[in-house]
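Note that the chains take the letters A, B and C in the order they are written out, and that residue 1 is the start of every chain.
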Amino acid sequence: MTVSLMSEAKPAPKPSSETVADEKVVHGVVAEFSDVDSLLAACERVRDAGYTKADAFTPFPVHGIDKALGIKPTVLPWIALAAGFSGTCIALLMQIGMNGDWFEGFSYPYIISGKPFVSLPAFIPVSFELTILLASFGTFFGMWALNGLPRFSNPMFTSPRFDRATDDTFFLFLDAKDARFNEAGAKTLLADLGGEFIEPVLDDESSKRIPKFLITSIAVVIAFSLIPALLVARMRVTKSSSPRFHIIPDMDFSPAKDAQQVSTLFADGRVMRPDVPGTVTRGELDWDVDFKTGINMEKLTQLDPSRARHLVAMMQSDVEVGAEDEVVEEVKPDEPKTEEPKAEEPKTDEPKTEEPKTDEPKTEEPEAGESEGENAEADQPEADKPEMKEDEPAAAEEEKPATEEKPAAEEKPATDEKPATEEKSSTDEKPATEEKPADSETADQPQPEMKAETPVAEPEEAQTPAEQPTEKPEAPTALAPASGPTVDTTPWLTENPIDLTDATLERGQSQFNIYCAVCHGANGRGNGLVNQRAQQILATTWTPPSNMHDATLYADVYPDGKLFSTISNGIRKMPGYASQISAKDRWAVVAYVRALQASQNASIDDVPKAQRTKIEKAQAKVKAELEKAAAEAEAAATKPAM
Amino acid sequence: MSLAISNGLDNTVERPGERAPLVLGESSYHSITEAVCRIAENPPSKLWVISFLVAVHLATMLGLCIAYLFYTGVGVWGNRNPVFWGWPIVNFVFWVGIGHAGTLISAILYLFRQEWRTSINRTAEAMTIFAVVCAGTFPGIHVGRAWLAFWLAPYPSLNLWMWPQFRSPLLWDVFAVSTYATVSLLFWYMGMVPDLATFRDRSKNPFRRAVYGVLALGWSGSSRHWMRYEKAYALLAAFAAPLVLSVHTIVSFDFAVSQVPGWHTTIFPPYFVAGAIFSGFAMVITLMVPARKIFSIEKLITIRHLENMCKIILTTGMIVGLAYGTEFFIAWYGQVTEEKFAFVNRAMGPYWWAYWTMITCNVISPNIFWWKKARTTPWIMFVVSIFVNIGMWFERFVITVTSLSRDYLPSAWAYFEPTWVDWAMLVGSFGLFFTLFLLFCRLMPIVNMAETKATLAKELHMAHKHSAHKQHH
Amino acid sequence: MSHHQAVAPKPADDPAFTMPAMLSGLSLPLCIIGLIALVGGTFLGTTAVGGRFGMSAYLTAYMYGLTIALGSLFFVLIQHLARAGWSVVVRRVAELLMIMLIPLAILFIPIAWAAWNGSLYTWTDAAGYQAEHHVPEAVWSEKIRWLNPSWFTGRAVLYLGIWCLTAWWYFSKSQRQDQTGEVTLTESMQARSGPAVILFSFCTAFAAFDWVMSLAPMWFSTMFGVYMFTGSVLAAHCSIALLCFVFQKQGAMRDEVTIEHYHDLGKLIFGFVCFWGYIAFSQYMLIWYANIPEETHWFYQRYPGFSDTFGPISIALMVLHWGVPFLGIMSRHVRRRPWAVAFWSAYILVLHFVDIYWAIMPEANLGAGGAAGILASILTVVGMVCLMLGMVLKVGSGTRLIPVRDPRLGESLAFENI
């Protein structure tokens, strides 16, 4: 495998006229030079002697040798220009064609950030890149093509001395194809010019056959490389009833892909894992249940020990996302086993209950609010989050007039100010409750309340009514303490547990303005930007946020603890903010809300004496102005009449 | 042939009117060949073997992390709402930036006839390619379902029947980075062909001779070939120069066309390019200072070469500093609330430590190069180059993370924290880079012999002329 | 290689190094015509068009002259910084242009005056501007801490001071070397070029913000300084090539500035045409794409669909300032013909005026100002060019046209492109 060996890949160029005594083809005569200057001088002499096909071989580009040898400039720049220009055109055509709207059926016009389909500025970067790419290809491949390379056979390489042409020696070669060439004359000329080791360039004599092992190994490699392609080709034309083969476990196959779905991984079918009883989540050791729930635990223990215990257990494992992930991962090995039956289930067992379940949570989640109270209660024993429990009293209270059987549509007008008609159509209590038993029966879903209001739950409606009664007795037992249908007996904290200072109120204000004001408005009147927008677009699924200045939200009827709980866990449409606002800040927000409420009912007595006169003055001034304005308006109104 | 230039000369001193030599010692064409070929021909040193093993292990770690990522999903990273462009994009921009010095040295310095580039351009170009390999990995795996990354290519798909969106800066990136990788590879390979021919002609082992023979494409050193070759080289340099500008410009577009405060600044394109060159030269120094020592090529890669690189680091460091300042000024001058906040937040917010690391490393540390002593002492420049590498990584971190973690919506603010996978991938990418680089050192000509010989020829010629001139007087 | 003969420099007092008599005779008339045209144009603009038009035209002309002088200063600094050898023969021409910063500092006085009386910058009338544009108090009170006449003038003095000092220092050192031939002078010029470039970039960026960008007080673009800088370096290279060509036509430095130097200048001009295109495009692209009202209004005023005057100029700039010269100077054959380089230099210098005009005039809110306005704009810039040229010829008459004793002169004379 020497280079000369490689040379057999291509037949050597046909020899020209000159031959020597031993019948070998002579391609020319070569001489060595040891430095640049003597080579250049020799080149000039050779050129002047009339040789046009002489060539020099040098280890590095020698400046000025093209002139010395009379080499003409190359056309390479034109090739590069043409290639670059075609790159620009291809890029522009491609982009306009693909993203523009010029070619019906081919184009894929798609509105993005309000830009026109054919946006020239946005097309320039890719056009530039393709111009450069193609120009570079043109230059690179053009250069090798013009040089006649790659070429694995070259008679120059037959002489072992020529190896030094890439090291430190300079060669001058007189080509036999040159019209002036004759071997003896050429040798004399080179000798005159100071060339050393003058010798003829002979034809490459080594074997012209490509070694067998090379051919065999190439053939084998090609054969092997065809196997995958053939396999793919075969798979594309055959049919099979077995499931698709997936090399990479995509998200579609994740057992934890949907929190509201039934999982076949666990015996209880739940995806969201409840907390392990008696454990404490990392970082949660110094918890203070009162502080975090807004409930006076001592009193609750007296009133309802089981609920208190449950609440404490829930607080202990205020599950973090990370912890939950671990749980899921641990059981992963089971995954393959369970997957198979799951795939077949729909066909045989209970297709009607399974299918809708996967859809509902996605579509219905936002509707969760209205009947939260009841449904959360129904599920309480299974619930893994404390939020649900705390919601229930809050919700229950608002739904005071409602009995369990009453449709939600009746409850709402009492509490929220949503148009009743809309409510009726979109959130029908009945189908919702009817559907529930199916859930609890099959899966004991953690958050079935999400489904409670399914407006599109018609399919189940038909099947499930029979099961309805089973839910009713279940619910009350679960609710026991809080749902005492009408009165909220939860011993809420009535006093804010944090120190009320200016700093606290400011903190509360800043948090309120960040998180609450978008809906409730900076003044708490329930008319924040989001609400305004929702009214504007007549959003049908929108529940207007509460007005903080409504008497039902004052501290006497809506204790601080309850307000805290609502902020933490949400109510109706409002999500819980426990994950975004720290408990301390939530209490600060409670304090600020109280301050807001107070601000609307303040009397002059609330103002420090020192500042009273100032305010009174200002009031008097405003009053006077108003009176004056009124008088003027009156005058203006009467004038035209006169 | 051994017309020598005085040995041990301090070529960092250059009297105006004379040019200091760039090839030192009793150099001849053959000694250059020897010095360079020896590196690949001799058996590897222990140091090389150990470094290689370490690098391969780290690269394997990267591979395993990627496998883990593919299997589990992008959740293994610390990227969370609102910082979805966290660590991987920081690494991407960092590595692409590193690559830029290679092209700058091989193309732009070539166009400006800076002859000192000749002995370092090969290594720098190799560094470019390996850095682009590392860079390309990150957006590739950041697309989420990396096995579908080919959807980025405009190929006619019968399943989708739609085309990529060319008005998206992320797609420009695909084209820019792939064009850059391709052209750099062509440029690097083309530059290596004559040297591979030298390797071929020196090989005793038939296998080596065959492999280098194929790679050298039958190069013979014909003057006609050299003429077209040089033309092609100049043309490629002329294409690569705007290309290198465009690549980091387009990377900066990824950020700057958005409306995220701190990202949308018109100075981003030139500022990113300057930063890229800055970090790239730092990486060249990080590599060259040990390499010239280990491979004993101090006479080819002289202190002068290093000093020039230090000067470029100083210059680009100043440009980057000016850009930081301008950004701050305009954020204040423009009086857009979010923009003002974004910049104050960078310096005083939760990521203040990243910001001040960046300022210390990028703006303050290169100032040591005002002193000639620092510019000519390899260990000092090595230390500073490490600082600059760190600083430039942090620059990308600061830009990406501080802006995203606190943008227009305060209720969505969050603090980005990397996971162990993030860290392992960053370290692993260095493993990949060094694996490739160490392989290159062993297998390829690490100094451009042909060009260095041409430089030597010129210097010999000048010295000759000079002595003749003196005799004449 | 043996055939490259080192070119022996001519003796320092060779007549080829002095300003041709024909040109030095033109100096005074040019200065007088220039001054008249400059004042006349400004006056015409102020009276016939009114408003801020006259001073805007003056600022356009001023920025035109200033950018050329600044670009030349940068050229000189960067040659020292890079220890360049090829450029020695053309460096004196750059130095002559660079020293124009001193008269330009005096010509700044009308602009400073305008900043006080409100005939140029809208922010001078702070309360009025705020009321007219409904700028919130919180924003405006911060803005006017930067944009107020006294601080504006103070900064201008700072920038002009730094530029003039640098230019003067480099000019006088170079002059002294003509006499003494001290090599140490080159060394000290090299040593100071680094910090000088830093100061230069700082001042140039901020001067662009202050003098041009603040015409639209609410608009901002971090790139704007770079944009002005790019245009200025491009214009400076063109001016150097053009002046060399003119001097050679009149018989000076014929053997010294060769095709090789034109070739190199041509390459740099080509490079900066591309760089200008790159910067201009990047600035437009980022603002166009993000589409934020605070920024787009500046381009909106220059948009084809919005402004009948400046819309076409925007398109023309794209095509004529980038596209045409890009194709025109791309070929090596063009760059190796001095007359072709001179032609393209003149062409780009005209387009450079259009560029500055496009950046400044729309802010006067009077369009092109009708025939009188166009006449005024042209008169002022022609006046500025004549004045500058007259002074260059004047200064050039008192000095040699190449640095005759620069230690790298030999290298420059023998220079050949690869």
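Following the convention adopted for this analysis, contacts are C-beta pairs under 8 Å (C-beta built on N, C-alpha and C of every residue); 3 or more make two chains touch, one makes a residue touch a chain.
Since the model is a prediction, treat every value here as computed from it, not as a measurement.
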Middle chain, criterion being Cα centroid separation: B
Of B-C and A-B, whichever chain pair has more C-beta contact pairs: A-B
Separation of subunit A from subunit C, taking each centre as the mean of its C-alpha atoms, in whole Å: 48
Centre distance in Å when subunit B and subunit C are each reduced to the mean of their C-alpha atoms: 34
Centroid spacing, where centroids are CA-atom means, of subunit A and subunit B in whole angstrom: 29
Touching two or more other chains - residue numbers and ranges from subunit B: 169, 230, 242, 253, 457, 461
Contacts with 2+ other chains: residues of subunit A: 36-37, 62-63, 77, 113, 115, 122
Touching two or more other chains - residue numbers and ranges from subunit C: 1, 285, 289, 418
Residues of subunit A that touch subunit B when the two form their complex: 1-3, 5-6, 34-37, 55-63, 65-66, 69, 71, 73-74, 76-77, 80, 84, 94-95, 98-99, 107-108, 110, 112-113, 115, 119, 122-123, 125-126, 128-130, 132-133, 135-137, 139-140, 142-144, 146-147, 149-154, 156-157, 162-168, 171, 247-251, 254, 325, 514-515, 518, 580
Subunit B to subunit A touching residues, read off their complex: 1, 28-30, 33, 70-71, 73, 75, 145, 147, 154, 161-169, 171-172, 175-176, 179, 182-183, 186-187, 190, 194, 197-198, 200-202, 206-207, 209-210, 213-214, 217-232, 235-236, 239-240, 242-243, 246, 250, 253, 410-411, 449-451, 453-454, 457-458, 461
Subunit A-facing residues of subunit C, complex: 1-4, 281, 284-285, 288-289, 291, 332, 418
Complex interface listing, subunit B residues touching subunit C: 14-17, 19, 111-113, 169, 230, 234, 242, 245, 249, 253, 256-259, 264-270, 314-315, 318-319, 322-323, 326-327, 330, 332-336, 370, 457, 461, 465, 469
In the complex, subunit C residues that touch subunit B: 1, 6, 82-83, 85-86, 138-139, 142-143, 146, 183, 186-187, 190, 194, 198, 201-202, 205, 209, 220-226, 267, 274, 278-279, 282-283, 285-287, 289-290, 292, 294, 406-408, 410-411, 418
